[in-house]
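Two complexes come next, and they have one chain in common, chain A, joined by chain B in the first and chain C in the second.
So, the complex of A and B:
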């Protein structure tokens, strides 16, 4: 499964179960992010265990985008025992703090900053 | 509640208070249900508060990163300004420039070329520091005067300077030609104070500037490869200006007939003959500029100093002194003699 935008791409690899984000996500508000939220739900439903996101090639994510991601993670709280892995990059300035905040919403989330 | 929090007044202390009240309501099923709903509501508010803080952190991070990048860009733009003509700088910074090779336009311009006679010969005889001082002070002064008259410096090549006027919508071709010739006159006037300064630094060669000016349609645009290009001008009229410079008397300003016709109302000049120029198919009628008709009579070598006066150093060479220099020397000496006989 894949979503391609003008400046971004989100690709779910069903074999590895990893969703890879790349480019620059700068959509406007919840409405424009709704298809991506739906895509992430589908990917999650396809994979047993918990979701894995690779954000190492996501250069830019605006506030509406991080809001959508945080809400998705909060939604996982309703699933006891769920595990989630997020891979980030130390070379991308915004990821250091914003990815660390994901653990506040889901303490079991495994964060791997490369 | 911290400054980053949402303005929600209900706190967990309020929930504890509701819990205490529950005792009196526990006998009543609706009371228990109301309490459970309130607990869920406060949980949701806590979560909303957390999202709000985290999104705020994210936005702040992006804004700070943006601010850093803006500072880097501004610093880069500031450095870039020294390497580009004002026109090109404004086009790039204003986002109007088409940076693809091959983009060009035909524009009516007045083109200026200058160099310092014999500069190459002295480069081996001067200390590098003196040479650097001479060249940088010369180019700085020329760039300052060019900026004052609104010219665009196309390039510096050693001691040679190429400037053009007219690649904008603000001036008529006549105004562009007039500004260019007035700029050239002021550049020649600036040479004497420069020579004094250079002599103090150890360069005693009487360096002189020569200038060629021509007006006409030129092709302006990006020329070069996709990797490295130059925003410059090309065409026969550019070549004429460059060749006129080579034929110009030392310390003089040589203009083509085309430029002369555009400025003759305000600029005084004398015929210099019809020249065969290399790479130019037809002979070119030329004129040597003498001065601005409205010029301040004291702008030459004579300087009024209250009851007295000062004469700048006079360098006369019958083979090479230009008409401007001869005129300046004559007028300055006449002024000085008149003052002495008064």
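So, the complex of A and C:
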């Protein structure tokens, strides 16, 4: 499965179960992020064992996009025992600054900052 | 005129002023230009310096520029948005000006009231949780909060009546950027201060 925009691409590999984000995501508010939120839900439903996101090629994400990711992660709290892995990059500012917040909402989240 | 937070209008002489003229009937066409404008402001900032600024600072400046311009597009009532960016005394400063209705001013005041008794990080965490419980909400309200809590920006506002444009608002953000000659950073403010 894949979803593409002018400046971004999100690719779910059903074999590895990893969703890879790349490019720059600066959509306008929750409405424009709805298709991506739906895509992430579909990928989660397809993969057993919890979602895995590779964000290392996602160079820019605006606050609406960060909010979408937080919403997804908070939603996982309704699934006891679910595990989630997020791979990020310390070289990308929004990731270095904001990814650690994800663990505050889902302490079991495995955060791998490279 | 009302001034709130850590507002200072002074910018360096080599700051870059830009003006965006909005076509309100086709704002969806304008939106992609917001990011490109923010990127250009930061490219200009980094284009001509013998001692490069820290990558982390530049990336934070890019994030902040984008959020301030996105907010301006969302809340400006007129058709003109003015943005300036520059460095002064080891601080990157961005100023965004536009017309605003009194309702926006009141909402801003409520936002600031929340920060009187709580840190920006505390308010941001509460906002994220409430957003997750309100799927119908179209806005996250996280822009300024992430700028303050995650990127340690100092923010200030000036509200005034422009003789030509009427009710207007200036939003200013600044962060520490670059290094002094001895390698230390004399203006390294990490606290969440308005």
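The definition used in the following text is that the second predicted complex is superposed on the first by the 114 of 114 C-alpha atoms of A that agree within 3 Å, B and C clash if a C-alpha of one lies under 4 Å from a C-alpha of the other, contacts with A are read in each partner's own complex, and residues count from 1 in each chain.
The criterion applied here is as follows: a residue touches a chain if its C-beta (ideal position, glycine included) is under 8 Å from a C-beta of that chain, and two chains touch if they have at least 3 such contacts.
Everything numeric here is computed off the predicted structure, so don't read it as measured data.
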Partners on chain A (chain B, chain C) - clash or fit: clash
Which superposed partner A:28 touches (first chain B, second chain C, both, neither): second
Partner chain(s) touched by A:9 [first = chain B, second = chain C, both, neither]: neither
First, second, both or neither for A:83, with chain B first and chain C second: neither
Partner chain in contact with A:97 - chain B first, chain C second, else both or neither: both
Per-residue touch tally on chain A - higher for chain B or for chain C: C
Clash with chain B, by chain C stretch, listed 4-12, 22-30, 58-66 or 166-174: 58-66
Intersection of chain A interface sets (partners chain B, chain C): 60, 62-63, 66-67, 70-71, 74, 93-94, 96-98, 101, 104-105
Chain A to chain B touching residues, read off their complex: 60-63, 66-67, 70-71, 74, 93-94, 96-98, 101, 104-105
In the complex with chain C, residue positions of chain A that touch it: 6-7, 24, 26, 28-31, 60, 62-64, 66-67, 70-71, 74-75, 91-94, 96-98, 101, 104-105
Contacting residues of chain C [partner chain A, same complex]: 28, 31-32, 34-35, 55-56, 59-60, 62-63, 66-67, 70, 124-125, 128-129, 131-132, 135, 137-140, 142-143, 145-146, 150-151
Contact set on chain B toward chain A in their complex: 47, 50-51, 54-55, 57-59, 61-62, 65
